[in-house]
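Below you'll find a set of structures to go through.
The following pair of complexes shares a single chain, chain A, combined with chain B in the former and chain C in the latter.
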Partner chain A sequence: MATLQETIAKICPTATVAEVDGAPMITVDDAHWHELAKALRDNGDLAMDYLVTIAGFDHVDTMGCVYYLMSTAHNTNLAVTVNATGDREKPFIHSVADLWAVAGLYEREVYDFYGIIFIGNPDMRRLFLSIDWEGYPLRKDYDCSPEANPVPADNERQSDFTTTWVENPDGTVEAKQVEVFSPQDFVVNIGPQHPATHGVLRFRTAVDGETIKKIDVYMGYIHRGIEKLCEQQGYPQTLHYLDRMDYFSAQNYHHGLCMLYERAAGIEISRRAQVIRVMMDELSRIASHCLFMGTFCMDLGATSMLFYTLRVREQILDIMERTCGARMTFNYDCIGGVMQDLDSNFQHDVKELLKVLPANIKEYKKVFVGNVIARNRMEGVGILSREDAISYGVTGPNGRASGWACDIRKWRPYSIYSELDFEEVIRTEGDAMARFKVRLDEIEQSARILEQLVDNIPEGEHLVKVPKLFKLPAGQWFQLCEGCRGVFGMHLESDGGTKPARLKFATPSMPAAGVVDHLTRGEKIADLITIGGSMDYIVPDMDR
Partner chain B sequence: MYDLSVITEAIHSFLTGLVPTWLAVTLECVMIGVGLLLAYSLLALFYIYYERKLCAAIQCRLGPNRVGPWGLLQSFADMFKILIKELISLNHTDKFLFALAPYLVILASMLAFAVLPWGNGLQVIDFNIGIFFLLAVSSIGVLGILLAGWSSNNKFTLIGALRSGAQMVSYELSISLSVITMVCFAGSMSVGDIVAEQADCWFIFKAHVPAIIAFVIYMIAGTAETNRGPFDLPEAESELTAGYHTEYSGIHFGFFYLAEYLNLFIVSGVAALLFFGGWMPFHIPGWDAFNHVMDYIPSVLWFIGKAIALSGIIIWFKWTFPRLRIDQVLAMEWKYLMPIGLFNLALMTCCIVFGWHF
Partner chain C sequence: MEVTAQGVPYEAFKDNEYIESLVKELQENGTNVVVGSLDKLINWGRSNSLWPLTFATSCCGIEFVSLGAARYDMARFGWEVARSSPRQADFIMVAGTIVHRMAPVLRRLYDQMAEPKYVIATGACAVSGGPFRNSYHVVKGVDQIIPVDVYLPGCPPRPEAMIYSIMQLSRKVKVERFFGGVNRQQKQADFLREHPVEGVNDAADFNTDGRQAPVSDKQ
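Here is the complex of A and B:
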């Protein structure tokens, strides 16, 4: 803390440091922001090398961003609030895309929703919405009538150019056109409808023969404006949107957001509910990783593997169905606990699952990991170094395959994870094979957790009483949890009402898709499929 | 062993007695053409069913089981569906080449059918360069694929077609090398002679080590020739949506689909011819009673049975292995298969010269 105060005082005496939600919240003006960011990242005692997310805000009189930073070395975190300069027409903030690689993508998202222009960002286009969209949806004065943005009847417009804003020495800011693809480039459109993008994601890929020169990622084909919708719903109603983001991590995301609300409201939930939540999280994780292995192998052309992994997943979905009543979109965790109590056969079903898992894992290893073609296709392909993984914010199994211990369950234990005996699977190769193996081993670790809990589900209430009209006090909170694909961050701003004033979700899939261009340069077209598949992104999770 | 040429000869003499020779030959050609087309479509239908059942077994499924008993009519239903589908014509394509391409692919496999030894005396044409002719006509197929990819005016199809060109031209070398190896051993390029040479024992046993090496190379290269997994890069579903036939619909797509299955049959048929005696029954020298029993199984069944069994292996490949990458495909051919093939040819020559065979 002392170093932090000193650093800030040296760079910007006007900046203030307050304590918000247990972590320092620095408020700084835009003029000093880039310098401060550099110091925060490079000062060895602070070493804020991981940018979790950038959450824009619109307080009507001011606009700006909250940057959430974490240090992988010191396990500390802080937040920085930067107020934009300029008027509402053209608010400006200096870009930090040169410091954290992932910031480029996050800043585009903020620009898309708030119209805040980041000076120095090399690619200041909209990220989710089409290029001719009118207005910035998350601004409080946004006109959301259908007439403002009618559904276009003609083809989607696109441009081979992007804009970058540069600051002249005299302080004025001007836009410059930058070419993304030149007319000479052979640009292949992979997606939005393509078997290997696992949803409506679009890669505009410039190729030279079979070699990839550049990839431009287009997101937003399944953007539903979940953050905007959340601002219009009561707190309990916001929960069910999480089932529709990363539909494989639905339980984990629910768990995270419920924890955030419960912490903000000061609700203590029963031990039984906590155990149930953790068990559901781990079951989801196994199901998700199984599906990953199946679809990934199918991308590589090994179709049969899908059926072997779906067998296990089906068994898990059956377990979920018996308790939650759904095979997807469970909407199971709720504020105060879980919706229903466990099915009477739950323990028996989980034990059955744990019995068949080891044989299945052995089979997967035999069929695929040892396969010479699979090894040739995966080993050494798409190597992501640890530094890049942190800079690009690639978390979850992908980050751990690059040697970054980024499992929130170990890093910032929540719920009952600190009492459980399991290992964080870390590999150092950083290639597609490592990402595959990490997930395979994580299934074993999740099974270990389930084994510890299945006979130790305490009796008690599964749901504690919460007020019918759920209100949160005014304030700001930030919560992290571990989804199946990595770090899931939630930023909540409450004005004391029954609806969130701002709810921002930082999902692991977006950085995972953002890093694809970096990983595929100079690789073959087939490697794009390998790398994209091994990142295991879920398109609704990145688009929200 | 019943010689089916008795029947064909009888038909021939009957026709020449009725009409002038030129007309008789023309009529025979038409009959053979119709017969081949029938065999072609029936085999394709069978293969679709066969692959589905086999892949279902590999994937712990049941496969088609609703249409007809054991799903037997499923492929008929699918064929009927594909026949009544609309042929979508696209703007900005080269219309002539676009329409021509599927026929070229079909033509290549039809022509190859002509020299396959279907049974004892049941062969359309048996001439002294039979195998050579087969290699030549089966390379027409790649032209069809290249044209399909080029004329569709689509980036995916173009990449698929170029992959296909690179792959098929490369693997033809290996196929030819292993065929030459076996032709050396047989001492003839005539299909009839090659089969006759194996009357006492099949080549795979007679020529042992070099024949087995040639067989393995042939099966790998043959899988690549048919564009099937793990060499299905030209249509790599997860990369190029459907590769060179992305833009085709209806029966034009059906032609590519059929040709793939029929090429599978041809590749396995040629393997059966070169290594497993064609239509020749399984004979063990000295075991006369056993050989005699084997002769009772009709020669047509022997040939088709062998071909289907060998295609089973290729289908098994497809549902087991992941797809290779284009550079790995080419490296495998030029760095491994071709040098081994050349070495094997030398080895076979030594075997023949020094009499190291049975």
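Here is the complex of A and C:
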């Protein structure tokens, strides 16, 4: 803390530090922001090398961003609030895209939602919405009516140019047009309707023969405006959107958001509810990794693997269904506990699953991991170094395959994870095979957690009574949890009402898609499918 | 006329007023014996090998994957040949939310499919916008963009429900008139006239009889 104060005082004496939600919250003006950011990252005692997310805000009189930073070396975190300069027409903030690689993408998102222009960002285009979109949807004065932006009948207008804003020495800011691809580039369009992009994601790929020169990732083909919808709903009503973001991590995301609300409202939940939540999280993780293996192998041409892995997934879905009543959108965790008590056969079913799992994992290894074709296609393909993984914010099994211990269950234990005995699976190769193997091994670790809990579900209430409409005190909170695909961050801003003033979800899929360009440069175009598949991004999760 | 789907007794399925009215309409003027018999034969083949387009935007698509796997096994019905190219597919399961940016893409996919083609609006989002109906970027039902044959509610619909919906579609296929009915062929000139592209004058490329003009005539 002392180093932090010193660093700030040296760079910007006017900046203030307050304690918000257990972590320092620095408020700094835009002029000193870039310098401070560089110091926060490079100072060895602070080493804020991981940018979790950038959450824009619109307080009507001011606009700006909250940056959440974490240090992988010191296990500390802090937040920085930067207010934009300029009027509502053209608010400006200096970009930090040169410091954290993932910032470029996050800043484009803030620009898309709030219209805040980042000076120095090399690619200041809209991210989710088309270039002809009227207005910035997350601003408080945005016109949501369908008349303002009707459903387009024609194909979307496209530009091969992007804008970058540069600051002149006299302080004026000027827009410059930059080409995305050079006129000599041969650009192939992959997606949005393509079976190997795992949903509606689009890559504009510049190729030289079979070698990839550059990929321009187009998102937004399933952007549903969840963050804006959340601002129109009461707190308990916002939960169900999380089922539909990353539909494999539905339980994990629910768990995270419920924890956030419970912490903000000061609600204690029973031990039984916590155990149930963790068990459901781990069951989800196994099901999710199983489906990843199936679809990934199918992308590589091994269709039969899908049938083997979905066999286990169906068994887990049966367990879920008996308790939650649904196969996919469970809506099970709720504020104060879980919606329903466990099914009477739950323990028996989980034990049956644990019995068949080892044989299945052995089979997957035999069928696929040892397969010479699979090894040739996956080993050494798409190598991501640890530094790049942190800079690009690639978390979850992808980050752990690059040697970054980024499992929030171990890093920042929540719920009852600190009492459980399990290992964080880490590999150092960083290639597609490592990402595959990490997931395979994580299934074993999740099974270990289930084994410890299945006979130790304490008696008690599964749900604490919470009113359907409740108010949270004004303030800001930030919560992290481990989804099946990595770190899931939630930023909540309350103005004291029954609805969130701002709810921002930082999902693991977006950085995973953002790093594809970096990973595929110089690789063959056939490896794009391997690399993209091994990142295991879920498109509704990145688009929200 | 009795419309059975894969050996399920007609009585068990007699809950679809739309099919009943369609059958009634088609039988109003009677059918030629030869053409009618050929229709029946062709429709028998068509209804038992409906090929879906591999198209999914979100959660419903995962249930569609489950439908293809061993447990629900849509291969039993002849639907397992999921095509990645719209030119080879018979129907689209619009599985998932369609947003503004995706709408023209879906429309183009539909246009690229060969006649006869069908659409199943799968899940609450495709039917009406579902939980995202109030969003600024979501299409409130795909029937605003393309014609829909079967609406399948659910969020997401269970694989059993998906089976039921495709069975309803195959019932519809069975009662249609193929010759002179759904097997219509559109001339390229007509298609281009109906789908104008800004800045491109397609009419100049075609003579009045719909044949493509010789290259030398072009400006």
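The working rule: the second predicted complex is superposed on the first by the 543 of 544 C-alpha atoms of A that agree within 3 Å, B and C clash if a C-alpha of one lies under 4 Å from a C-alpha of the other, contacts with A are read in each partner's own complex, and residues count from 1 in each chain.
Simple rule for what comes next: a contact is a pair of C-beta atoms (placed from the backbone, for glycine too) under 8 Å apart; a residue touches a chain by one contact, two chains touch by 3 or more.
Small disclaimer: the values here were computed from a predicted structure and weren't measured.
Novice: Determine, under the contact definition given at the top, whether A:P195 touches first (chain B), second (chain C), both, or neither.
Specialist: Touch status of A:P195: both partners.
Novice: Given the touch rule stated above, what does A:G220 touch, chain B (first), chain C (second), both, or neither?
Specialist: Once the two structures are laid over each other on A, A:G220 reaches chain C alone.
Novice: Touch check for A:G301: first (chain B), second (chain C), both, or neither?
Specialist: After superposition on chain A, A:G301 lies in contact with chain B alone.
Novice: Quick one: name whichever of chain B and chain C touches more residues of chain A.
Specialist: Partner with more touched residues of chain A: C.
Novice: Taking the superposition on A as described, I'd like to know which of chain B and chain C A:C144 touches: first, second, both or neither.
Specialist: In the superposition, A:C144 contacts chain C only.
Novice: Per the contact definition in the header, classify A:R311: touching chain B only (first), chain C only (second), both, or neither.
Specialist: After superposing on A, A:R311 lies in contact with both chain B and chain C.
Novice: Would you check which partner chain A:I373 touches, where first means chain B only, second means chain C only, and both and neither mean what they say?
Specialist: After superposing on A, A:I373 lies in contact with chain B but is clear of chain C.
Novice: In the overlay, answer first, second, both or neither for which of chain B and chain C A:T16 touches.
Specialist: neither
Novice: Should A:K524 be classified as contacting the first partner (chain B), the second (chain C), both, or neither?
Specialist: First partner only.
Novice: Let me check the overlay on chain A: which residues of chain A are in contact with chain B and also with chain C?
Specialist: 194-195, 307, 311
Novice: Please output the residues of chain A touching chain B within their complex, sorted ascending.
Specialist: 186, 188-189, 194-196, 207, 210, 297-304, 307-308, 311, 368, 371, 373-374, 376-377, 524-529
Novice: For the complex, give me every residue of chain A touching chain C.
Specialist: 128-130, 137, 142, 144, 146, 149, 151-156, 192-195, 199-200, 220-226, 228-229, 232, 240-241, 243-244, 247-248, 291, 294-295, 306-307, 310-311, 313-314, 327-329, 539-540
Novice: For the complex, which residues does chain C have touching chain A?
Specialist: Chain C reaches chain A through residues 54-59, 61-63, 65-66, 68-71, 84, 86, 96-97, 99-105, 107-109, 131-132, 134-140, 144-145, 155-156, 158, 198.
Novice: Under the stated contact criterion, what part of chain B meets chain A in this complex?
Specialist: Within the complex, chain B touches chain A at residues 55, 58-61, 155-156, 159, 163, 229-230, 232-233, 236-241, 319-328.
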